[in-house]
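As written, the chains take the letters A, B, C, D, E and F, and residue 1 is the first residue of each chain.
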């Protein structure tokens, strides 16, 4: 069994703001990330999949197939966008990196079977770095 | 003579849009950077200064003094901001990294003498990386 | 459940020397790390915590709270210090990165409940890189 | 218990080609990695071992012993080589990073006991990055 | 005046061998880089251009135009290739990074005017890193 | 003409303290870098040389010869040392990175002709990074 990790990048803006909290509570909670005009990051996303290597080809995951899936479902939607105003999921949910990681994971899980119809590889985890000091991980099997 | 370079970071959003061009021309020119909702980056700024080392202290630039200057004039103003809507200079000028570099350089030149009242060190250049694949430099003496 | 990792840096010196061994044994065991005058590193510390995201705020760990804890208990004590002579714990214990990782973990565990009084997040692991070629990890629940 | 990870580098060429497939199938499967003249990478290998720290020395793994083992069994054999034509194992097996990771793991497991005759440390995993966007991991206890 | 630098990557193999020298001289001169089966690298190429920013657009170089030029003339030809056997220029010239840098520079200079028909931007320099420890630079105006 | 840059690393400790200043002045000037027990860094040194490529070999600098020179004159003397107490030059001169850069440059210039007896390559500059945020450069021809 192998774990394959591929790294992707996108640049986007966001604003952290919880709809159910007051302006003052949002400021105290999110600090400068609550700035009404937003701010942005170069996000680095690592997608990890797990599976056995094929005896003939010696590969566990076809990288071209994974790239096509991630580019279509995630990068094309998120790159050079404002996550908080342009991604439907973040209309009523703060676009924290935790929530962004879950949304990426959901998108990949939903379409995983089209890209990889066999038993393997399985999507294992999503890791997202907002900056190189601030890193978030979710396991795919904890996401519905 | 030494060159000292110190590296700073800020996260911000921007939207590339030239006021004198049509919507269609802006789209053709800037591509996805013209997205009306903006997008963002983790900017890395390198500030380089030049000067002789002091015989007694063995330093060419007091790093605490330079940090205070850059933090006050640049980082405090730009970090977690939307450059295109919150920085006055970019109200009528596209917030391209070229223009951001010039604006950083102008702010540091304007206040340089307060921080460093002697003949040395001199501000030499500003280098700004929008992503690690896209890097811009200006020489301080070409900026008025 | 999310894992959040935040990265911190400190610069310190140390000397590897086991009190119970002879000078000759120390030299053979630690090589140039036994140099009596010490040597130093730019240490990179990654602190990982685990927990669910709050439904309202969308965050698993308040980063400002974690930063305050790490800065107070670790960075303020270790940065620009000689670990072997200035940190009480390393008076009679060699300041190897294994022992430094355990000491960081203990300090954070001891004060974790003051910073995070609820059930979550939990401190999960400490990772310390002495150089980018030499990396050490401990799990928080193996440290008493 | 600690995990120690040490990072090594080697530069090598390879060509992905499965002997049991037709020329056309190889081209479709491996794309430009099937180029008959080969291509190359700066490989980064991370070797992770696990064990308790010695009470006297405060170290879990003697780094000099691990370096000698990895350099002798892996780096000396792979660095500045063409993996596909010069490493016996890859005469009839494609030199994919999955297979390279397994081969590195086998070589280290075979000779581990000579380097580390005690119960600890144990070899835990091998991680190999072909480029910084393409990373492969195997657990040592899944490799026979 | 600005300097814009954009970073590109390709993976290739090469073998250092001077046709006019004996086998023994080649071995002494190039060491393990003379290995007859070749070896490879992940090359990082930085292309720097210089020019004023356009008053309207605020950009000194159109990055899409530069990317198209570099991809067509350099990356498409060199990526996943064996430089020593597949690039005509290196049939009778060792594919050292010095010579690779010159060849990249020549290819870009020859086609520069098609991509950038105006007076600016000018190609300024090519920097190529074979590994992150081994870096080569040529100035475009020293290359005919 | 080419510029070749090679990157080296060493780990060392130092203490910034000017003998001609009072304890109080030293504290005010150097801040935490004046800590009497010292502190340390992983230093990264870049050595740049300039010269034409040899027509036959296609190389501007023999990297093995440069490595031998730098390792003998700099790395062997500085790695895993306390610069302030073990390097004679820093007995009465603060071991600031400015002074360390000059000392490295002097050592290489003094022995350059033994390693490279011809007209080329010439030593061009020394760049030293104390941390990745703090970088110092000297030109070799400004150092006597």
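Basically, contacts are C-beta pairs under 8 Å (C-beta built on N, C-alpha and C of every residue); 3 or more make two chains touch, one makes a residue touch a chain.
In this text the structure is predicted, and so the values were computed from the model without any measurement.
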item	value
Labels of chains that are neighbours to chain A and to chain D	C
Steps in the shortest chain-to-chain touch route ending at chain F and beginning at chain A	2
Most distant chain from chain E by Cα centroid	C
Turn needed to bring chain B onto chain F - CA fit, degrees, nearest 5	120
Candidate from B-E, C-F or D-E with the same interface as A-D, over half of contact pairs in common	B-E
Residue-number overlap at the chain D/chain E interface, same or different (half cut)	same
Between chain B and chain D, centroid-to-centroid distance (C-alpha), Å	43
Chain centre separation in whole Å, for chain B relative to chain A (CA means)	30
Contacts with 2+ other chains: residues of chain F	none
Which pairs of chains touch, using the document's own definition	A-B, A-C, A-D, B-E, B-F, C-D, C-F, D-E, E-F
Parts of chain F lying in touch with chain C, wherever the complex brings them together	9, 11-14, 32-33, 35, 37-42, 79-82, 85-86, 131
Contacting residues of chain B [partner chain E, same complex]	16, 18, 20-21, 29-31, 93-96, 98-99, 101-102, 132-139, 142
Interfacial residue positions of chain B with respect to chain F in the complex	1-8, 53, 56-60, 63-64
